[in-house]
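Consider the two complexes below, in which chain A is the common component and chain B and chain C are the respective partners.
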Partner chain A sequence: MFKNYLVTAWKVLQRRKFFTFISLFGITITLTVLMILSTVLDNFLNPSGPSKNSDHLLFVDRIKVTSKDGNSNWTSQPGFRFLKDNVLKLKMPEKFSIFTVIEESASYLNGDKVTNHLRLTDSTYWEVLDFNFIEGHPFNKQELESGKKVAVINETTRRNFFGDANAVGKSIEINSQKYQVVGVVRDVSFMEIQAYSDIWLPYTTSSSTSYRSNLIDNWNAILYHSNSNMIKSMQAEYIAMLKNDFVTPDPEEFHKVEGGADTLLDIFAREFTSSYGYDSGAASLISILIGLTISFMLLPSINLINLNISRIMERSSEIGVRKAFGASTTQLVIQFVTENIIITAIGGILGLLLSGLILFQIEQSGLVPGADFRYSWHTFIYGSGLIFLFGLLSGAYPAFKMSKLHPVAALKGGSN
Partner chain B sequence: MLNLNNIAKTYQTEKIETIALKNINLNINRGEFISIMGPSGCGKSTLLNIMGLLDEPSDGEVKVNGKSITSYHDKEMASLRNSKIGFIFQSFHLIQDLRVIDNVELPLLYRKISAKERRRLATAALERVGLKARTSHFPSQLSGGQQQRVAIARAIVGKPELLLADEPTGNLDSHMGNEIMQILESLHKDDKTTIVMVTHDDELAKRTERTIRVYDGQLIH
Partner chain C sequence: MFSHIAKLIWNRKRSNVLIITEIVITFIVLFAIISATLHNYRLFNLPLGFNWENTWAIELNTGSRWNNETDKNQLKAIVEVLKQRPEIASVGLIRMGVFVNAHWRSSRPINGRESIYHSNMVDQDALKNWGVELVAGRWFGEQDNGQSYTEIVVNQLFVDEYLPDQDPVNFEFGDPEQPQILPMRIVGVFKDFRQQGEFSVPGPYMFTRYQIEEGHTYGVREINIKFKEPKTAAYEATLLKLLKSIAPNWEFNINSWEKRREQQIQNVVLPLGLAAVVVIFLLIMVAMGLFGVLWQNISRRTQEIGLRRAIGASERSIRLQIIGEILVLALFGISIAFIFLIQVPLLQLIELVSWSNFWFSLLASVSTILLIVILCALYPSRTAIKMSPAVALHYE
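Let's turn to the complex of A and B:
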């Protein structure tokens, strides 16, 4: 029986080329946009590179500082001083790492100036993040403490400087200083904002030490625990520290600090909802995303429902005939829903292909350095779920309305 | 095989109540060929729709093979229509999106019959009405007479006991009308199908066994 529904649906859709085209167009575009957005978001929230163990990590990425009189506040990346005096004193994390955000560095290659992304880090950075070394090894605690001029570079930088040859042991000039390469890592996606860079140096090799006294600056911290269930308690400890034990170099100006030790979702939520207080806005972000997805899906669904309903008139004779020859209401509902599911499934497959193609193009274009936009299985399930919901949403109501038509009225033209 | 007892049908529209049928008592026996005649608007189609279980009477009782169907639900009515009744409409009512053969197979879709068997029965029905060569055409590619013959093939493909035809020749010229009438006569004679046909044509009515006259919603004798 179900095969009959499929065959009939297929025949009807083939004949209704215009209707099929319009419906497919709406569904394909909607799904393409949704799949692209969700894949990008998924890439950010579930990284596959060095931060793939992100459920063991918390990031101190933003702090909001308020002055004593309450008249001024700043939201910024934390400074070295804040991390040293406060974050590194937390009890729960098993490991800490502090490092800077990326900045541009200058090097000269055969007389031409080249710019690279540069990050200053400590040595535990290489323990809490899981880099893939293709040559050499990271710099260690001793090299950090002695301020040794060593560098880890990525594959692309090695190719630029040394061609196909090995790089370890060779020297590289960065910001007019010579560094010795100790390790080469695979390129990291730009989406992994704490891991991505071209060059990593021990922070102690910085030419100035003024960063040591800044409460707000361009630093970041990672808190690590081997048990991912401890993440919640670590977040609570961080907030308790901010509220009760915050140590400040300047109690007048830096009186109070708000913020949180964030998961990747929290980081995204803060930027998206501009929540820089103790609450990251993750809960509102999730409701916003669900709301946006639903309203975005609603557009083509309503379009499809409209097209379907306007076809009731057109197809009323068919409904009357089918009823006259023995179709029950249930059978008609199944038939119309099947038609719709087929059309949404085709639109869905087209959407999956199209979004895959676009993501591939973005990846190839180098717009997002090192990006790896493959569909992960949960994005795929998410997409298929959306497609099914879509088919049901836009098929069920018109189908119900169509099938309820009285056979005599349907044969006359379906006015009631 | 079909009994109508004291059937009435009224249509309630916003202000006025239209009495389409009243006091209808009618027995249709197995194997009869009956014509229904009467002026336009007298209730012929309404009567035929009630016989075909497409419409429910406002009052009275319909019995199929001695069983009252008053309490039947949608599913039971659908299965009864599917197994016992074949319909032919004045305006053909073929599904434009389906090919001739698929149109004819339609009643069989609601039975447990394999695709192969459906195809065989539909081809046989089309052969019966002389249209075997047109199976893969779409309805719009056929003449009116040919379309009505497809509609007849669809009505008889499930071998119904009762064939109901609402002005089957109304949209056709007399030559085509005659062809259709000949097919109905052969179904009656050779297949013993019970046929009820609404017509405005006295000549055609004379060729049936019994003529029922309707006037203003009532039977006249």
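Let's turn to the complex of A and C:
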């Protein structure tokens, strides 16, 4: 039976090519836009680079600080002191890493300015994140503690400074200081906000030590557990720590700290819904995203509904015959909705190709440094979901109207 | 004629409701993108109030807490050295740099009314050197040292907003909640200084004077140097070396104003451009959809049109009927959308939609929609006219 539907759908598509083109155009454009957005989001949530084991990781990326009188509060990245005093004393995580967010630093090569992104990290950073070293190795705990001026750079930086030659052992000038390159890693996508950088240095090489006393600053932490089922309990432990035994050197200004140890989904939800309290807003995020998707589909759906309804007449004799031979309304509705979903699927495949092309162009344009958008099996799930939703939205009402045609009128050629 | 068309539409209300809904949504989407573009375009064309050519910003990162003794001397030494370089026309200190999205909002009552403004801090010659135009009074200077007031300059909008009927020069206002703080005295009025760049909304703005000597707990964050002629990256490297030799414990980041401005423009234009591309595709889709629907409907109404032709309706009146029908539908949809949209400026839901912006965007969207609708109806109406009455009546 399904095969029959397929054959009919195919015949209908070929019947009036111009109308088929209009339908497919609308479907393709709509699904292209949505597929680009969902692929970008998927690449953020399910990274394929150094943070690919993100289901073992939690990130302390934002804290909301309230003063004792409650008059002032601000949200920022945590500082070194906050992380050292509070986060590193958590019991559950097996590994911790603390590091700064990226900063710009300029280097001057043969009269040209090269802007690099720079990150200060500890040595466990290289254990919790899985970098792909093409040369050398990361800096170790000893080098960190002795404040040795060593650097890990990415492929692009190696090309900028040394051409195609090997870089390990050579020195590189960063912020007017010489560092020795110990490792070269593959470029990391900008979408992996905790891993991305051009140059990584041990944080002990910083020219001042003032960062050690800051509660809020530009630091981040990663908590790691080898068992991804422990993530939930680690989050609970972090919040319990904030609520019950948060240590502060300045109880007036830094009276209360809210926030969470976040998964990538939580980080996105916080930014998207501006919820910086204990709750990241991830639960409401999904319904918000579905709502936005449906509202974006609204106009294309109505357009397609209009087209489908006005095409009913094409099918009137077919409907009349089927009704006369006893097909039920439900059967007809199912048939027409299926047909519509098949058309939508064709538009969806075109949309997938088109969005791949556009994402490739974005990668080539260098707008997002190191971008490497990939389709994963998630893309196909999202894509099928979108196709199904869109096919249903735009197909249900016309199918209902079609199935209501009176058989006699339908056989005669139909009426309004 | 009109009532006849209205009746025809009413008779086919089911399918027309969908077309009207489509027009309503399209209209709202179109209106949104046009008014956002218009708003930004207008802002972009307002005068910036200063010149950004050949100027670089040296962002300071002094690391630890500002140490009055050592850091003050270090900053002074840097400014002195820079001022003596022949290629540098001027050196200016500012707290929040230009083309940066940082701002500092303050408020204080003036004549019993709470005033809200953006506040910033520069050294005494900076504004003059950047080409800011003085409208009344003078810039602050040495004569303000040790007086019983804090010298400030404000922009014309500040005066228009809070001191409309008064001579602003030498006007003083204090903070009643903190009487121990010196009152502020307006020594001069300048035209404008849109620190946050071309896409920022102009508003009341105030500068206080920065003196390295006074040793504020919060220092300046930027040294801005204006060159006599354009400079290259190679020069930037020597400049950075020079700075590092004076202050090895500070971090410097050099950025030209031009580059910052470009970045800022890109940040606004890129998302707007992407949205516009999506909207254009939506419009094409809607136009083709409407065209298809109209075409299909006309071919379905063969009998009706044939009958009209048989009893002597002219080609013109048939065409008028077809186009008239869709126009009435479109206008109906537009009116519904209008009822929603008028709430935006009425209730001031979104600040950026001013009345003039609203009417212009409305006009632009109405004409675009009507144009699309008429174009979509032209071809189907021609098919309708070409139909021979005899054939049309034989249909079935």
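Quick notes
By definition in this document, the second predicted complex is superposed on the first by the 353 of 416 C-alpha atoms of A that agree within 3 Å, B and C clash if a C-alpha of one lies under 4 Å from a C-alpha of the other, contacts with A are read in each partner's own complex, and residues count from 1 in each chain.
Quick note on the criterion: contacts are C-beta pairs under 8 Å (C-beta built on N, C-alpha and C of every residue); 3 or more make two chains touch, one makes a residue touch a chain.
Since we're looking at a predicted model, the values are computed, not measured.
Applying the stated contact rule after C-alpha superposition, one finds that A:D112 touches chain C and leaves chain B untouched.
Residue contacts after overlaying the shared chain place A:V408 against chain B, while chain C stays out of touching range. In the superposition on chain A, contact is made by A:I22 with chain C only, not with chain B. When the shared chain is aligned, no partner comes close enough to touch A:G347: not chain B, not chain C.
Touch criterion met: A:A324 reaches chain B, while chain C stays clear of it. In the superposed pair of complexes, A:P47 makes contact with neither chain B nor chain C. Of the two partner chains placed around the shared chain by superposition, chain C is the only one that A:L299 touches, whereas chain B remains out of contact.
Shared-chain residue A:R311: touches chain C; no touch with chain B.
More residues of chain A are in touch with C than with the other of chain B and chain C. Common to the chain B-facing and chain C-facing surfaces of chain A is no residue whatsoever. Chain A makes touch with chain C in their complex at residues 18-19, 22, 25-26, 29-30, 33, 104-106, 108, 111-113, 175-176, 207-208, 210, 298-300, 302-307, 309-311, 313, 412-413, 416. By the touch criterion given at the top, residues 49, 52, 54-55, 74-75, 78-79, 81-83, 86-87, 89, 93-99, 102, 106-107, 109-112, 115, 154, 158 of chain B touch chain A in their complex. Those residues of chain A lying in contact with chain B across their complex are 1, 3-4, 8, 11-12, 15-16, 317-318, 320-331, 406-408, 411. Residue ranges on chain C touching chain A, taken from their complex, read 12, 15, 18-19, 21-22, 25-26, 29, 63-65, 232-234, 236-237, 240-241, 244, 248-249, 251, 253-254, 278, 281-282, 284-286, 288-293, 296-297, 300, 396.
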